[in-house]
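This structure is in structure tokens; I'll ask about it shortly.
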Amino acid sequence: MNQYNPHHFIAAGRNALPVDAGGLPWTGQYVFSSGNLILDLLHNFFLENTARTNKLRVYQMTKDPAAREMLGYLFVRGGVHAVAYGKALEKLTGVKMNEMLPIPRIGNAMFPEAKKYMDMAIHTKLYRQSPEDYRQMDQIWDGAHPDGGMCTVVDGPPMELAGSHVELAGIGSAFAPDYHPEEVFEMAQKLYKKAQNK
Amino acid sequence: MNQYNPHHFIAAGRNALPVDAGGLPWTGQYVFSSGNLILDLLHNFFLENTARTNKLRVYQMTKDPAAREMLGYLFVRGGVHAVAYGKALEKLTGVKMNEMLPIPRIGNAMFPEAKKYMDMAIHTKLYRQSPEDYRQMDQIWDGAHPDGGMCTVVDGPPMELAGSHVELAGIGSAFAPDYHPEEVFEMAQKLYKKAQNK
Amino acid sequence: MNQYNPHHFIAAGRNALPVDAGGLPWTGQYVFSSGNLILDLLHNFFLENTARTNKLRVYQMTKDPAAREMLGYLFVRGGVHAVAYGKALEKLTGVKMNEMLPIPRIGNAMFPEAKKYMDMAIHTKLYRQSPEDYRQMDQIWDGAHPDGGMCTVVDGPPMELAGSHVELAGIGSAFAPDYHPEEVFEMAQKLYKKAQNK
Amino acid sequence: MNQYNPHHFIAAGRNALPVDAGGLPWTGQYVFSSGNLILDLLHNFFLENTARTNKLRVYQMTKDPAAREMLGYLFVRGGVHAVAYGKALEKLTGVKMNEMLPIPRIGNAMFPEAKKYMDMAIHTKLYRQSPEDYRQMDQIWDGAHPDGGMCTVVDGPPMELAGSHVELAGIGSAFAPDYHPEEVFEMAQKLYKKAQNK
Amino acid sequence: MNQYNPHHFIAAGRNALPVDAGGLPWTGQYVFSSGNLILDLLHNFFLENTARTNKLRVYQMTKDPAAREMLGYLFVRGGVHAVAYGKALEKLTGVKMNEMLPIPRIGNAMFPEAKKYMDMAIHTKLYRQSPEDYRQMDQIWDGAHPDGGMCTVVDGPPMELAGSHVELAGIGSAFAPDYHPEEVFEMAQKLYKKAQNK
Amino acid sequence: MNQYNPHHFIAAGRNALPVDAGGLPWTGQYVFSSGNLILDLLHNFFLENTARTNKLRVYQMTKDPAAREMLGYLFVRGGVHAVAYGKALEKLTGVKMNEMLPIPRIGNAMFPEAKKYMDMAIHTKLYRQSPEDYRQMDQIWDGAHPDGGMCTVVDGPPMELAGSHVELAGIGSAFAPDYHPEEVFEMAQKLYKKAQNK
């Protein structure tokens, strides 16, 4: 049970709600959309680094390995977003934004949970899923990455991470039973009807 | 210029903001996620019909053909969502929710902008984009549609609507110039530098 | 002292505030009033069942007998509201909403604190306090109740619950002293003046 | 159609919503409940006078006779509340709060729509509806009223205003048809079914 | 780490945020500005006493001597504000507002942390910092203070409190090092560059 | 009367309220205070340029000379803030932030109402009011200004603007009468008493 905000459990059980750690709901006022491209990019650059700062504090608050594993991955991929906005700003204005990274001044490589993804060069890759769209992405995502390596656009999903779901195989409660969807649905209906007849 | 809410123009120019027609920002409190499947489906059923009611009022407030064209399409496709939630609730509980549709009691077929999509059977189709996922969709989206026709799951995007983008071809300001992306980007940079030297 | 939200004690002492369990104030956005009768009834049906879900979670969170006693009573009387909205929807649209009750699928009879009120048929009664108004209530509140018994409109207050206040008689702090109101007021004034002269 | 806030019409049609004239929803933060009786009374005294100030501005903004009629009545009855809180504060603390009334310094008697109710002494009466409760009301609501007359507690509803509903008699759309409730309900059902069969 | 609201630490570390003890942000709706002088003064009188009530509850919640020291000082100086608004209201309306002070009915002199400032007559002084402005302050801040002593306007800062900063001298972490600002700035830059080269 | 938001007039008359142009109140969530100096400076740099963008839109919306005069002055002085944050970021990180100014890419010199202040070098001056504090300001506010001229810290208020208040001299309603404060206060009291006796 949530020790900070009992409302979360009362309203949502184990479901997620779009609220912050203090229970305040997300608000449309968080969306910045000025119509000025440089200002909008600057806001996103700022936002990615704010997210990083907050995530560093969450890392500091928990020793839970699952949480830290997720944070390590997010440090690396969130870094891709920050660097991409910085590169876009540099292309348009000539200002070398990325020289102020990382914010805060603690590199991703210091966290073992992030370092392992950097060793796989995950921080240098932008994935393109559509066969036709976003073809000009490499106009912005190119050149050196501030954490080392060259920025590359990859066609298709991140295959180097593909095997990681297998890790769940041994954990009973996480392993989905080998039923066809229709069977699962049928069982749900039967359980429901049974409950109804109580 | 926005005659109701000058803040919108000041903050966002011609950009969109996630606010309602009175300027109130969207809030995370709008998300209902109770952890009880029937209650969550019931909320979505209710929500789709609320959206329909509001859109009917917008239709009433405007004679702009572009707005009404969009509303006509949304009446039909929003109807698909309402009917889908109704069918899911019926499968689980046996209650024939869709017999209370349409809400309000004015059918889509009364609006020429919606009628033309119903003549194309657009109200009966649920599109499945992924080759592997959502294969059990037809467990819910099946049988008769309350507005006529049989519910069908279609693999791939709505091809019967594919040609409609051509309509913009003749409108100068809407027609993207025939440049390669790199050329457009280079021109933007040159204009920007030029403005910088003023 | 409130262990979750110190603001409550600071601002209100032992008084109540119209905030949720996380401290968020009630907002007028919770009021749904669309002008469409079926949609408004559907929202209230949904809302009563959401309240029930939340109260079930509160029941689960506490073993305090006073809290559970109150919850047991609310399960039964809140159920009256849900069933009444369901019956109104059925009369208007023919859809048998109440066949999806109870939501969640755990009947009131499972809770001893609620069961005792059902044994008194409290779940089947709607009380009418005014001699003239709401005479057509029995047009909606009639027929079988999904939890058993026949729905009945009762003229006057719930007399079968009238004796329950006597339970407080033996508890000193809960028993109001046998003074006339004017005497109480006079004493308050004297205490106040005395404090003033300190 | 609402010329200021189109959201109101879109969401609620002709229904009312608990929002202010700018569309902001009522919030639980408006409730002041400190647990200190003098502070709570002081807040209510302040609030009644704020309401009066705002209503004076609305009076100034409109020449609509129905709106001004309602405002005139509210000036007089809202004044009863302000004076009652002022008297309660004086009884408890000795401070003659009501000597600062009216706020703003424009008396109710200046408005013809209010003056006619003062001529009926409506500003001096507090109505008590229950045969048993609130018997000590005259401990607070007594003595002279700052606008003239003596404060009186009246048992029962304001009979001197009872005839005023007759004024609506001649207006067709405001006059409820002479049907029995069951008949009205039956007609609603028939209209609904008929719409359903379209 | 904040035990009530983890969001505070995540977003702000050890920085302060303009939120209440439950994490709700300050809102512009707290500003009352009616354009009626008496109503505005009355609101401020009310507000100062609300702040006092809340601070009394915080005093009750903590035994931390630093917190209580600060509260003691605020009781006395906050009292100056309440009394000043009360005097302004009395000058304008003749109503002796300050006869209802203190709210709540527990005098500042009961708290040793406040008593010591009253012994220095800090509760009777209003400080005027500008050589030219606010010269008419003594038109309002004059006569007897409800807690004893005569109200006085003092030109210049509170010199009788000037020595109190010396108390920090012996605490290492609170004592700023004896560097020139440029030196501190240079060191910050060097540390920053060093971190950058890691 | 406010044509967009009638609530403003109802609640505040001609007073100002801390709300945006759409009536939404200021919220403490607008305060960004992360505890990371670079991130906090970056946010302020972003914010000053957002304010500039919004003010440019207001300039575009109005031809009122008083509004444009104020905007012209704010373009120049707001620019000082943006440039100052940019210089602080450059000193700490080496990134030449100010090379992306102005945002939007329309220089202040294009607006006659701003140009006249630039001709007075108002855009290059930071004013220091205290004899002792902020002595190290010139560590950041130095070197060239992107709009021309050298950045200078000035001790004392902006004397070059001192004469501008004289412009109001001929306007009757703006000219304060030549009374001593006590006389003004006495007259207010008399008017108030007179109103009281009506």
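All chains are identified by letter, namely A, B, C, D, E and F, in their written order; residue positions are counted from 1 within each chain.
Keep this in mind: a contact is a pair of C-beta atoms (placed from the backbone, for glycine too) under 8 Å apart; a residue touches a chain by one contact, two chains touch by 3 or more.
As the structure is a computational prediction, the values presented were derived from the model and not from experiment.
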| item | value |
| --- | --- |
| Subunit C and subunit A - chains in contact with each | B, E |
| Each chain counted as touching subunit E and subunit F at once | A, D |
| Copy pair subunit D, subunit E: interface residue numbering same or different (half cut) | same |
| Contact-richer chain pair [B-F vs A-F] | A-F |
| Chain centre separation (subunit C, subunit E; CA means) in Å | 43 |
| Centroid spacing, where centroids are CA-atom means, of subunit C and subunit F in whole angstrom | 53 |
| Chain centre separation in whole Å, for subunit C relative to subunit B (CA means) | 39 |
| Multi-chain contact sites of subunit D, meaning residues that touch two or more partners | 4, 11, 13, 23-25, 27, 29, 34-36, 93, 105, 192 |
| Touching pairs - complete list by chain label | A-B, A-C, A-E, A-F, B-C, B-D, B-F, C-D, C-E, D-E, D-F, E-F |
| Sites on subunit D touched by subunit C in the complex | 11-19, 25-29, 31, 33-36, 91-93, 135-136, 139, 181-182, 185, 188-189, 192 |
| Interfacial residue positions of subunit A with respect to subunit F in the complex | 24, 27, 29, 32, 34, 36, 38-39, 42-43, 45-46, 49-50, 53, 89, 93-97, 99-100, 103-105 |
| Subunit A contact footprint on subunit E (complex, rising order) | 1, 4-11, 13, 23-25, 192, 195-196, 198 |
| Subunit E-facing residues of subunit A, complex | 4, 20-24, 54, 57-58, 61, 105, 107 |
